[in-house]
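Each chain carries a letter (A, B, C and D) given by its place in the written order, and its residues are counted from 1.
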Amino acid sequence: MVERYALEPLKSLWSLKSQYERWLEVELSVIRAYEELKIAPKGTYEKAKKNAYINVDKILEVEKVVDHDVIAFIKVATSKMGEEAKFFHFGLTSSDIVDTANSLALVRATKLIIEELKKLSEILLTKALNFKDLPTIGRTHGVHAEPTSFGLKFLSWHAEIERNIKRLEFAMKEISIGKLSGAVGNYANIDPEIEKLALSFLSLKPTKVATQVIPRDVHAFLIEVFALVASAIERMAVEIRHLQKTETLEVQEPFKKGQRGSSAMPHKKNPILCERLTGMSRIIRSYVNAALENIVLWHERDISHSSVERYMFPDLTTTLYYMVIKTQKLIEDLVIYPENIQKNIEITNGLVYSQRVLLKLVEKGLTREEAYKKVQEIALYCWENKTSFKDAVKKKFNLTEDEIKEIFDPKYYLRNVNKIFKRFQ
Amino acid sequence: MVERYALEPLKSLWSLKSQYERWLEVELSVIRAYEELKIAPKGTYEKAKKNAYINVDKILEVEKVVDHDVIAFIKVATSKMGEEAKFFHFGLTSSDIVDTANSLALVRATKLIIEELKKLSEILLTKALNFKDLPTIGRTHGVHAEPTSFGLKFLSWHAEIERNIKRLEFAMKEISIGKLSGAVGNYANIDPEIEKLALSFLSLKPTKVATQVIPRDVHAFLIEVFALVASAIERMAVEIRHLQKTETLEVQEPFKKGQRGSSAMPHKKNPILCERLTGMSRIIRSYVNAALENIVLWHERDISHSSVERYMFPDLTTTLYYMVIKTQKLIEDLVIYPENIQKNIEITNGLVYSQRVLLKLVEKGLTREEAYKKVQEIALYCWENKTSFKDAVKKKFNLTEDEIKEIFDPKYYLRNVNKIFKRFQ
Amino acid sequence: MVERYALEPLKSLWSLKSQYERWLEVELSVIRAYEELKIAPKGTYEKAKKNAYINVDKILEVEKVVDHDVIAFIKVATSKMGEEAKFFHFGLTSSDIVDTANSLALVRATKLIIEELKKLSEILLTKALNFKDLPTIGRTHGVHAEPTSFGLKFLSWHAEIERNIKRLEFAMKEISIGKLSGAVGNYANIDPEIEKLALSFLSLKPTKVATQVIPRDVHAFLIEVFALVASAIERMAVEIRHLQKTETLEVQEPFKKGQRGSSAMPHKKNPILCERLTGMSRIIRSYVNAALENIVLWHERDISHSSVERYMFPDLTTTLYYMVIKTQKLIEDLVIYPENIQKNIEITNGLVYSQRVLLKLVEKGLTREEAYKKVQEIALYCWENKTSFKDAVKKKFNLTEDEIKEIFDPKYYLRNVNKIFKRFQ
Amino acid sequence: MVERYALEPLKSLWSLKSQYERWLEVELSVIRAYEELKIAPKGTYEKAKKNAYINVDKILEVEKVVDHDVIAFIKVATSKMGEEAKFFHFGLTSSDIVDTANSLALVRATKLIIEELKKLSEILLTKALNFKDLPTIGRTHGVHAEPTSFGLKFLSWHAEIERNIKRLEFAMKEISIGKLSGAVGNYANIDPEIEKLALSFLSLKPTKVATQVIPRDVHAFLIEVFALVASAIERMAVEIRHLQKTETLEVQEPFKKGQRGSSAMPHKKNPILCERLTGMSRIIRSYVNAALENIVLWHERDISHSSVERYMFPDLTTTLYYMVIKTQKLIEDLVIYPENIQKNIEITNGLVYSQRVLLKLVEKGLTREEAYKKVQEIALYCWENKTSFKDAVKKKFNLTEDEIKEIFDPKYYLRNVNKIFKRFQ
């Protein structure tokens, strides 16, 4: 976890203290189930809850001797208990606790991320609506193509976030499972009924079939979706970085009062947040392969996934949370320069309307092939000589003033934009 | 594509010829829509369909001049048309064709993969049921843990394949979209109605909002799920490789008559298919990062994703298809040695029953901590001295013959297995 | 391998025929060593060479029965031999042949790549020298920073290619090893002298210690360097794509006569080669993880690396070769627009000289902190109001006309450039 | 950074405090150069050194306002200086400091890693020599192949570590560069002589040509080699895990007194360190792609690499250091069971000598093909029927008692092992 990028409540979620508390939460829910199913005497749960002792330093100390974190936890947690200790961890194996608690943590982290993504999605939709009618130049291959709606950029991001929310919900549902089926997943020393009841207290469902652990494809899937979310944010960040390039300057990342862009060059305002988000996306994506490798554990499990997850779960969720939170503000306060946007449409002297000329000529009877050749010839000439394409078209083709006017109108390109927006209502 | 791993019908799906045919399929569906919406004269579609000319060599020849594959395709495809040529590609941009056709290919490939996965899933379930009652030793960390059901291995794989089928269906639904919205996705020269109708002929839906292309998160998501499927198969392959190790020898990959395991050592029978599948999974996983990087295209699109996809789409789908097909046979014909499975349970002289002794002692009044210490002491002694743990337990603890018998019975560990299986009915 | 990106001689290098020929090359070099060391009768080598029979279809046919490609090869290769067949593959295991032949192929491919990289490096240096004295705006964060030399861009690429050539040579030396030490690498049935002599005929050295195979870290290292080369090319490609953006337009990828940029928009000239190279780099990078996973083979080897390598070796080397060849031409014929380069320097109305003003004020006695604040204030004002920074500086600070002139001179920034270039002579 | 895996001195190396101290080290070395080259007055360096003020909390506080870490650092560091402050950061840009300091940190981390790798390499060589003459079964595909020397396993690891040390030294030499060439790398406001001299105080060399930053291929290369080291360790870890499998049990990871293998099963001793190392290797490998993506920065630099490096540099170096340190002890204290090693050779009833029978028959006049068929037939029969291959060979082939004895002798396979070891003297 990188301190400077760890925001609350994600940061605390991954503290050792929180981890032990989650482990206790799981252990206690099992005791409660034992009691409800009349295996443990009445009151066991309350006593266990009251006497459970969590002390991070103590646990770490014991771990040094036993070299096993769950055993150290159990020793300390039960150290102030009486009879009720007998039901603590009864019939369970370490992974029952660790894996179920991992699910709790991941579900909670994912919920927080989804919540913030929904806000981001709203912000994007609002921006999209605000700029629906502002023409901008569409760029393909980095080269001016044809005018389009500036709002469509935001709408496209909004749609991608919406898809990702759906995927996250799908993946979160999958990970909303626990596992209390013992050392090799066969319920040798615990009844499936205990598992079902105990997990219900945690809003989790039993894993349909487990080994010692919950199968890691479930975790990998969630992480894959995290990587999609990160990439979606990177896509926005890269677009903003492009639009903020000095020659283009259609938008600008918010720049705080007192902020400095460069230690050497006082004039600089840099899209540093967008660049940071771009880098973070690399980090998140880089974990996907590790998550996939974790699936292929040996036999009824090996523990190689564990060290991976100690890095991966906190890093991924805190980083992604940071990304989402920061992107909200980024989009909300994005500085937009409509006059530059408008100006940029026209810097090619009308070339961006070439397709409309082409289609007009086809309409007038030329084959597509003929029309293409004629228009390309003039277009490339104007491009090289920086002369007006509109004038050249006027001169070369037999078109009325009205036709010319209609062809060279950026608004034309927005005529169907409302139909697109309607899909999002 | 690696020739030796390319099976039909996947192999042909990715031939240049098939690609051009898919492009034509899309172009024609648009013409059909123009006709149905009365923009093109009646009969245009039939004429275009009849006169369309696909000739791979010709197209490649033209491409050498124009350096653009779709333009070369259009030139050749319309070269024998009359008036109807005017409606060919009318209002469209190359990506409308390429991307919609890509969706068609991916949907078709995914469908084939799902179909075969369902067969595999069935095979796994059958095997699971067949071996439900066979005790085997469960292994965690590669070390004997406790007995479990041999059938549970297959059931666990079955469940993972089932999860993956669901994910694939989810991802396939996402990719079942086309895009006919022109150069920058704003329907400047085509009506959304045309798109909707044309795509319906291809069983696709319109992309809610596109740039020049369908957003690449949709493709990346599908590929991520492919990677999960590959990893699921790798997990089976690695388990079989483990179980076929000479010291273990509980199963063996089918070995054909006449097959040779080694050019040097005539006695060898090697799990080469499982090893091949393991390697293939690395290939498939390795593409995920490339697929994720493809999401972040510049502005209304850059074409950097295209070269990636020329490798990725054929490689991934043919390789995965191969993996699924081969795994079916692998599982179906897997040689299983029940006597070795049984023998292996007992090679630790009863140590694998240590938890049951522990729990019995807790039942009898010891604290978990005391019981653990006592049992561990004896267990480690027996382990080192290769003496019978059962005998030691008898000697050390005050247990009746019946209790001992009950504790050291592998069947005990299977008593809840039926409850697990019931979840899959 | 993607047909359209496979150039000769790389393409043929990976044909099945070439592979069998390399295998034969290795087998024959062993026979030659047996003969030279008087183990095989005189003339055995010549006879074996003469009677060796390579027929791709036959070998594939036999493979279908024995399910082992090397055994099939041996059967066919020796099918027309007499007594000399006894020494064919004598004391060897399949991997001796396959791995040694793999080294041959990789060394040959790498040599070809290095050769072309050297040409590319020269082209870059020439361009660097040609544009050494042309001022251009340096951009950091995509935002104008300070003027610099246009030639430095090329020089920086040249230096990176030079570093990569050195790394490639280092890695190629490592992979210039063969392995003829038998089934588990202990020379059980072959003398190390035979290996040494046979490999010397192939310009290879013995692996110091092998298992059944050459350790895969050697291959992984080479592939890692391939990925560095690909990234170096991607860096150039991305820079060109940036400089070709319509608003910037300082360079343009060569555009062939007759070429078409878009099926819809006749005016388009797109940097499609650069975009293709960008995508290819993703492909090459994506293989690194697979190559690394190949290192961890089980015991004296498992064969999981083999399927990976059937994809990876041909794909990586042909793609990289294509990239290098295409980049040569790209750089050589790059269209450069000096007037646009010059124009772009000034679009910020002098803001890019802000550091020079800052340093001048420090020289005149202000603290860095004071100077920064003053200059930033003016700079941000001019930026927002699009007014001349030069005028503002003149008005605000007590500077002579000569000082102003000196500060706002792009040439100033090039005064040390020759010193940089001297490092490359 | 994962607390529990961060060992000193690596842990402190990456503290914020150490980072600021390194930045100061770079700044002061520049001032020292200014003084030595008579640009700063005599005594400036000593004064700056004495008055420099580093206070982590203060710097973080200032950063909150200026949103730029280097500017915050400069403000605080110079806050107690007098005139000498003028030369602090004079002519430099932030990246001059950050990148040069990064090199310092990476060089220092790499040196520590190399140092420990050398110890590990020695430990491996010693083990190799100790077990040189112990026969063990060689396993290919996980299946018994032929006997070999147990010491060769260690020797093979030793050789791989040696290769990696060489690569690390090569990569470390590359990264032993700094960069003090200003905002866009053209020495606009600083003389190359200052850079050369200042860097020499830090034992670094100038980057031959930089942009605003040191080109990231240099860092990526180092990280790629880190990934090779991690994979080498993973290879050992996986082998030990295999050999510790209950059925094989030839070695055992050291197990501390008081340690507990499982919370449920008191008998368990698990190779948890090896599994942890396996997982860590996944983490380290996963960063390679991110490091490669960092190469392709925009123009004279974008800062997207920075957030990546905040995770990557500390994580990679501390984790790798941990891995090396832990592996030393693992190998040194590895529990080895020679009797099990010996026993396992014979569990196939002599099948592992099949090649020797084959070669003997060829020697006696059979063709390789005939011999293979005959031996395979018997071998597969014995395998299936678990009968003695030695007896079958005796019965079937006309071999003397001495020939049989010679063929079925594991020592035979070690006869050339000394020749391999000689290569390492």
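By definition in this document, a contact is a pair of C-beta atoms (placed from the backbone, for glycine too) under 8 Å apart; a residue touches a chain by one contact, two chains touch by 3 or more.
All values reported here derive from a predicted model rather than from experimental measurement.
Student: State the pair with the higher C-beta contact count; candidates are C-D and B-C.
Tutor: Counting C-beta pairs in contact, C-D comes out ahead.
Student: Can you give the rotation angle that fits subunit B onto its twin subunit D by Cα atoms, in degrees and rounded to the nearest 5?
Tutor: So the angle, rounded to a multiple of 5, is 180 degrees.
Student: Determine the centre-to-centre distance between subunit B and subunit C, using the mean Cα coordinates as centres, and give it in whole Å.
Tutor: Each chain reduced to its C-alpha mean, subunit B and subunit C end up 32 Å apart.
Student: Taking the mean of the CA coordinates per chain, how far is subunit C from subunit D in Å?
Tutor: Averaging C-alpha atoms per chain gives centres 24 Å apart.
Student: Multi-chain contacts in subunit B: which residues touch at least two other chains?
Tutor: 74, 89, 139-142, 145-146, 182-183, 189, 241-242, 260-262, 264-265, 270, 272, 275, 285-286, 288-289, 293, 298, 302-303, 355
Student: Looking at the complex, which residues from subunit C come into contact with subunit A?
Tutor: Subunit C residues touching subunit A: 137, 139-146, 241-242, 244-248, 260-262, 264-272, 275, 289, 293, 344, 347-348, 351-352, 354-355, 357-358, 372, 375-376, 379-380, 382-383, 389.
Student: Of all residues in subunit A, which touch subunit D in the complex?
Tutor: 1-2, 4-5, 65-68, 70-71, 74, 89, 92-94, 182-183, 189, 241, 256, 258-265, 270, 272, 275-280, 282-283, 285-287, 289-290, 293-294, 298, 302-312, 315
Student: Which stretch or stretches of subunit A touch subunit B in the complex?
Tutor: Touching subunit B: residues 74-75, 78, 85-86, 88-91, 138-142, 145-149, 152, 155-156, 159-160, 163-164, 167, 170, 174, 182-189, 191-192, 208-212, 215, 217-218, 220-221, 224-225, 227-228, 231-232, 234-235, 238-239, 242, 281, 285-286, 288-289, 292-293, 295-303, 355-356, 359, 362, 367-369, 412-417, 419-420, 423-424 of subunit A.
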